[in-house]
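Each chain carries a letter (A, B, C, D and E) given by its place in the written order, and its residues are counted from 1.
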Amino acid sequence: MDAGRYIPVLILAAAVAAVQLFTLATGSEYYLTQLTMSAYYALVIIGLCTLMGYAGQISLGHAGFFAIGGYTVSVMTTYDFSGFSGSAVMGLLGTLGLASASGGELHLSPWVSLAAALVITVAVAFIIGIPILKLKGHYLAMASLGFGLIIYRIVLGTRIFGEADGISDVPGFAIAGGLRVSGSPELRIQNYYIAWTLVIIGTVMLINLVKSRAGRALRSIHGSEEAAMAMGVNASRYKLYVFVISAVFASLAGAFMAHLNGGIGPSEADVMKSVKYVAIVAAGGMANLWGALTMGVLLNYISLRGYLGSYDDAFFGAILIAIMLFAPEGLINPAVMKTAAVRARSLIDSIKKKTGRGGHAS
Amino acid sequence: MSLKKVLALTLSISVCMAAAGCKKAPEDAIKIGAIFSVTGGGSNLGAPESKTAKMLVDEINAKGGVNGKMLDLIVKDSESSPEKAISFAKQLIEEEKVFAIIGPSTSGETMKIKSICDEAKVIMLSCAAAEVIVNPVAKYVFKTPQKDSHVAMRIFDTMKKMGINSIGIISDNTGFGNAGKDQLEKIAPQKGVKIVISEVYDKKATDLSGVLTKLKARNVQAVVNWSIVPAQSIVAKNMKQINLNVPLFQSHGFGNIKYAKEAGKAGEGIIFPCGRLLVAEQLPDTNKQKTLLVKYKKDYEAKFNEDVSTFGGHAYDAITILVEGLKKAGSADREKVRTAIENLKGFPGTAGVFNFSPQDHNGLGLDSLVILTVKDGKFVPYEKLD
Amino acid sequence: MLRIRNLESGYGTLRVLKGVSMHVNPGEIVTIIGANGSGKSTLLATVSGILRPAAGEILFGGDSISGLPAEKTVHRGCALVPEGRQIFGTMTVKENLILGAYPARKKLGRDGIKAGLERIYGYFPKLKEREGQLGGTLSGGEQQMLAIGRALMSGPRLLMLDEPSTGLAPIIVKAIFRIISRLRDEGNTILLVEQNARAALAVADRGYVIETGQIILEGSSGELLNNNDVQRAYLGKDYKSISE
Amino acid sequence: MLLEVKNVSRAFGGLRAVDDVSFSVPKNSIKAIIGPNGAGKTTLFNLISGSLRPDSGRVFFNGRQIQGRPPHTIAARGVSRTFQNIKLFHNMTVLENVMVGRHTRSRSGFMAGIFNLPSCWREEREIENRSRGILDMLGVSGLAGMNAGNIAFGSQRIVEFARALALEPELLLLDEPAAGLNMHETAEIAEIIRKIREMGVTILIIEHDMSLIMDISDDIVVLSSGKMIAEGRPSDIQKNPEVIRIYLGEEDAQDQEP
Amino acid sequence: MAFEQVLQYILSGVTNGSIYAIVAIGFNIVYNTTGIINFAQGEFLMLGGMTAISLSQFMPLPLAILFAVIITSLAGAMIDFVFIRRLRNPSVLMMIIVTIGLSIVIREMALHIWDEKVRSLPYFTGSEVTSISILGAYISPQVLWVLGVCGLMVLLLGLFFRYTATGRSMRACSSNKTAAGLCGINTGNMVTISFMLSAAMGALAGCVISPITQTQYDSGTSLAIKGFTVAILGGMGNSTGAVVGGLLIGMLESFSISVLPMAYKDAISLAILILILFIRPSGLFGSREESALKEF
């Protein structure tokens, strides 16, 4: 039913494949490295887009969830569990093939750590979500920012999380068959597809959600929480669920990214990262999943490629302001692109008028 | 200067995309990648490193390059983010096919790309301090700053001479502070010094009187501050202000006169081990490093109108070592150059005299450090120089 | 006092007023009646400067005030009590009133403002009781009184009232209209926009009937009250009479 | 009795917004609440619909206590409402607004939605058909695809009615449904209210338009400063001296004389 | 704990607390007129400090500070003229994003104007090593300057907002913009004034704290986060709340150091802030009544 909603997804899938084939043909597969990383960030961003754009709840702490995923996986896959080898749990995991000993060390399977990461994320999202989602406006912004900062402080101040150095030497994640999430150059193409498959699955799930009864309820909360509740929508539960889902998206991205990069550092939990996520969602046009996805991939790609050198942050700040001034509905929106052009022209005109003919804008 | 820079900023934002695409370099140039934290948390390190590297490469190229080939330096600003460092390292290796990588500036970033470089068989000369970078040794990974353990040993040795037995440590929460704190805690028992208390402060800390009060309450005989951030001068000021009058030891991170200047009168008497760069002119002429130190110092200060720091020196050493390796190998063959670097002996750099070996990819001994102190706002030797 | 010629105005590209001409003489109450969406409030918003006219002319005391922003129009002595009251909810009643005197603060001086306050409390003794209370905590009727009082503080030459009876209990509506006629008796000039046409015409000297952005009828209150069309369209004893 | 309000009180700070109010609404009747602004009418609505929690007193709906329960559970029991200052979801179309009204009458959860299970499809079709049916009945089906924020004020009221009806309420709370409407529109609203009553829905209405109230309501409750000062048939209320003194005013009472 | 130590912790808490309070007050000024949080507030401190440091090489300190305050307030006015005025119907989220964007851009511009090095103004009285003894605990005289300036600011701002026509008009704008216009208040100008005022306050604060905290191109950001925390804790828009909130957070941090590792200092103060928000969503001194009347 309503297969039309999946047409853009098919186009995306085709584009993903086309890009890979293009790089293969031109011998420029190295572009896939950053496209893969960008895809994981895009996963965080579409989750956040659902929370912000559709349910209307801002979160300035989503890097915290990314870090929870990434750090849990990193700690658990690098930690030597041989001290626990006698315990019943380890025994069970061993018989299930989820723990393996090598070189005198006992390591857990990445599946176990991934599961643990998701469980922890869901638990934290519930615990933190119940109280903070009662807040609104600046107070919600502050509380979520506070959450993000606390996570940042914890990873930066705790030895097991590697403090400022973060965690290195995280092994790859053998998913199934020959599939393996890892950063080695031979696995570049399959990792590109793994990341984008996750993004596509995530997008499909979120599209489904938005168009479902639950999604409608979420959007109604954004429209008017009071009216939504009067219509029988359990607003606090719905807000909480979508918060948890977006947290899981972030955490999942963090976990995969840790395997891909072979480690994680505190910069992933930095507040600036959270701010960037929010800004990218805004740049994409808030309640616009495709806009968020496009901007998420594009802006992260530019940043990871280092195109802007030391002006990366400046460029980012400038983009934020420019979008809010000229295209507050987001860039990926045809109507808006037109008005943006009009507004930009009128701004230029007014500057010209103020400064006299051919004056300088500075 | 400001207007010019603002204009430059606007201009570069608009053209940087295009600029990134069309870098011009001679066909047969030797490409060298550099990953520095020019901005972001490690900018205290990355900025002078980046300046030094560019200056040095220009100088070498002006003299006709190495083995008749020009050097092409590609600097990437990682903003102290490991994920960016990873992305850049892969870009430099796979896309730019660089011959070697200089940097990164911080240990966290270095550790993330250590295996990437090693697997790709690309020589990496890290400018970060942590000991784990070269221990265990990775075949293609070297580092130029002095070992933390050596710095710690020199600090403890000085303390013993002063009769200090119980100390308090504070360190910043950067990789530098982190690694230093670990080494201090590891070596203290061997040297018979008791660490009464060890605290970590934020790299953006603006007031440390609280934590120093905690130290004061534990009656420490000296304070060791191990960090690279501006708070180094705040420590000195706060100690005086809360009347904690015990000797203050700093790490080699203090090796930038601006911190001493910031601390003003409170900075007087700070003791810290450091390379010889900062006291270059005061070295005896017999010293192997003197000529190059004086020259580097003069060039840098003339060109950038700012005081030289030991961090820029790390990049200086990385490049000169690489160039020496290239010269010794006679060709841009990675294996040969790597072996040449590994066997480099008695090579003078800013940090000390390098003696590499297959077991030691740092190559600096205890004697690469001298103990300095601050007197009348200047760095002077605490002991007689050799 | 106020003369409007061929005024056109609206929101964005939407033209709500399509060539309105009218005038208000000193000392009279003029009312504009019309259905929802006919352009009554748009007219007041344009005169007061909240909206910019697209065409036409607004003369106030002989000077053109077309296109002047709201804050400048008030300084000329043309005050609006907006629809929905728009009081300063987070400030006290007294502060609300003092702010009303803002355009005339230099002329009035401290004593003038004090006298103004007393005058307003004379009209609305309830406000004196609530002097220190936050505006937002007042009841709807009290807020309306406060809004009128605030507009009067600057001693305007023309007072414009936009739907002062909206959402108020009948007894409060009556009280408000009593004040309006008292103001007229004291020589104030008032331009009144009302949904409640009967009550409006009862206090007004003259009236205009506006429909889809154009004045379709004008005359003295008596004439309008007796006009068949007006009776049918706006004075139906209740809503039922029109469906008959 | 469908709804019974027993000794309900609620204070804000020192102000007793609703003070010991008791009344009941029989099935299939229309009861009106009138009173001066600030009398506590909307507060009373909020206490019934669950937006606010009473300090004391009880509210029974179909014989079960509902006071203090969250609004969404009360809505699920069959209490629907409109708002004084229309609260449509401006970020959604008219049809979607009405479809939200079907929320309590449908079940697909979060996970079913995310995975777009076949059970969702059937339910979605059902929700959409019912919603279109309601828009049809109220004569606004032409607006279905419009953005709810972009339609005329009068139509917004009607859409809000449609949304409230989509919940298939037993009790409908209408908060000043004629506020800001002209005569034509008020007549239309009266017509709709009558139609709703014929469907078997019980109505509790707050309104200032006395002619509308007198016309449609079976019973009137008069509030003033949070207290109930009168209850009775419209004709009695009009003659009640207390009500005239506090609310209607002298002339108006005469005006309204039939 | 000995008395002197307790006192020393208190003094250290007061030092930091008053710095936080000063930043929070800057937030409140703009918030009170426009209802928006200017996340670039921290950058005003940095700009003020940096400008004063640059100027102090050419002129005496008081003059340098004066000019720095004027220049920064002009920068504040420019921000309003160039950016804030151009936004149509901004939502809370849009304002958060724009001001965050501004803060990033200003910071990066400062980096390219002044480079990454840390600088500071000289101590107003005494020097780096001067310390005043109070009942056995010690404090830098500059802290007294910070306290004095902070106290003076609160007092003057309180009087300004309550008793002057301009102050009242600014509050009117925050309460209801349309109504303010109808009262003859030029709302656009009031917003400009509030930006200038908060920039000037920020710049002054940036100068006073510079000897203690030192100034670097990115020193505004962390101060802004602290200031925002304090402003929220005290109740947005409330100057007294800002001071009490600032001192509270300052004390909390300083005493948390005494028992817990300093690395968790910020986490602890933030956790407590979040806890307080759960119990009292309008902050310690925010009037619930008033916050219910605010539009968002």
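Basically, a contact is a pair of C-beta atoms (placed from the backbone, for glycine too) under 8 Å apart; a residue touches a chain by one contact, two chains touch by 3 or more.
None of the values given here were measured: they were computed from a predicted structure.
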Ordered by label, the neighbours common to subunit C and subunit D are none
Would you kindly count the fewest steps from subunit A to subunit E, each step being a jump to a chain that touches the current one?
-> 1
From subunit C, which chain is the farthest off, judged by mean CA positions?
-> B
Which pair wins on C-beta contacts, C-E or A-D?
-> A-D
State, to the nearest whole Å, the distance from the C-alpha centre of subunit B to the C-alpha centre of subunit C.
-> 74
Computed distance of Cα centres, subunit D from subunit A, in Å | 42
Please work out the Cα centroid separation of subunit B and subunit E, and write it as a whole number of Å.
-> 35
Subunit E, residues touching no fewer than two other chains | 108-109, 111, 261, 263, 265-266, 289
Pairwise, the chains that touch are A-B, A-D, A-E, B-E, C-D, C-E
Across the complex, what residues on subunit D touch subunit C?
-> 35-38, 152-154, 176, 179-187, 190, 208-212, 215, 246-249, 251-252
Subunit A - residues contacting subunit E, complex = 52, 58, 131-132, 134-139, 141-143, 145-147, 149-150, 153-154, 156-158, 271, 275, 278-279, 282, 286, 310-311, 313-314, 316-321, 324-325, 328, 347
Subunit B partner, complex, touching residues on subunit A are 28, 30, 33-34, 37, 156-157, 162-166, 168-169, 183-185, 257, 261-268, 302-315, 318, 362
Subunit D contacts subunit A in the complex at 49-51, 70-72, 75-76, 80-81, 83, 87-92, 96-97, 99-101, 103-104, 106, 108-110, 112-116, 120-121, 123-125, 127, 163-164, 167
Note which residues of subunit C are touching subunit E in the complex, please.
-> 48-50, 69-72, 74-75, 79-80, 82, 86-91, 95, 98-100, 102-103, 105, 134-137, 150-151, 154
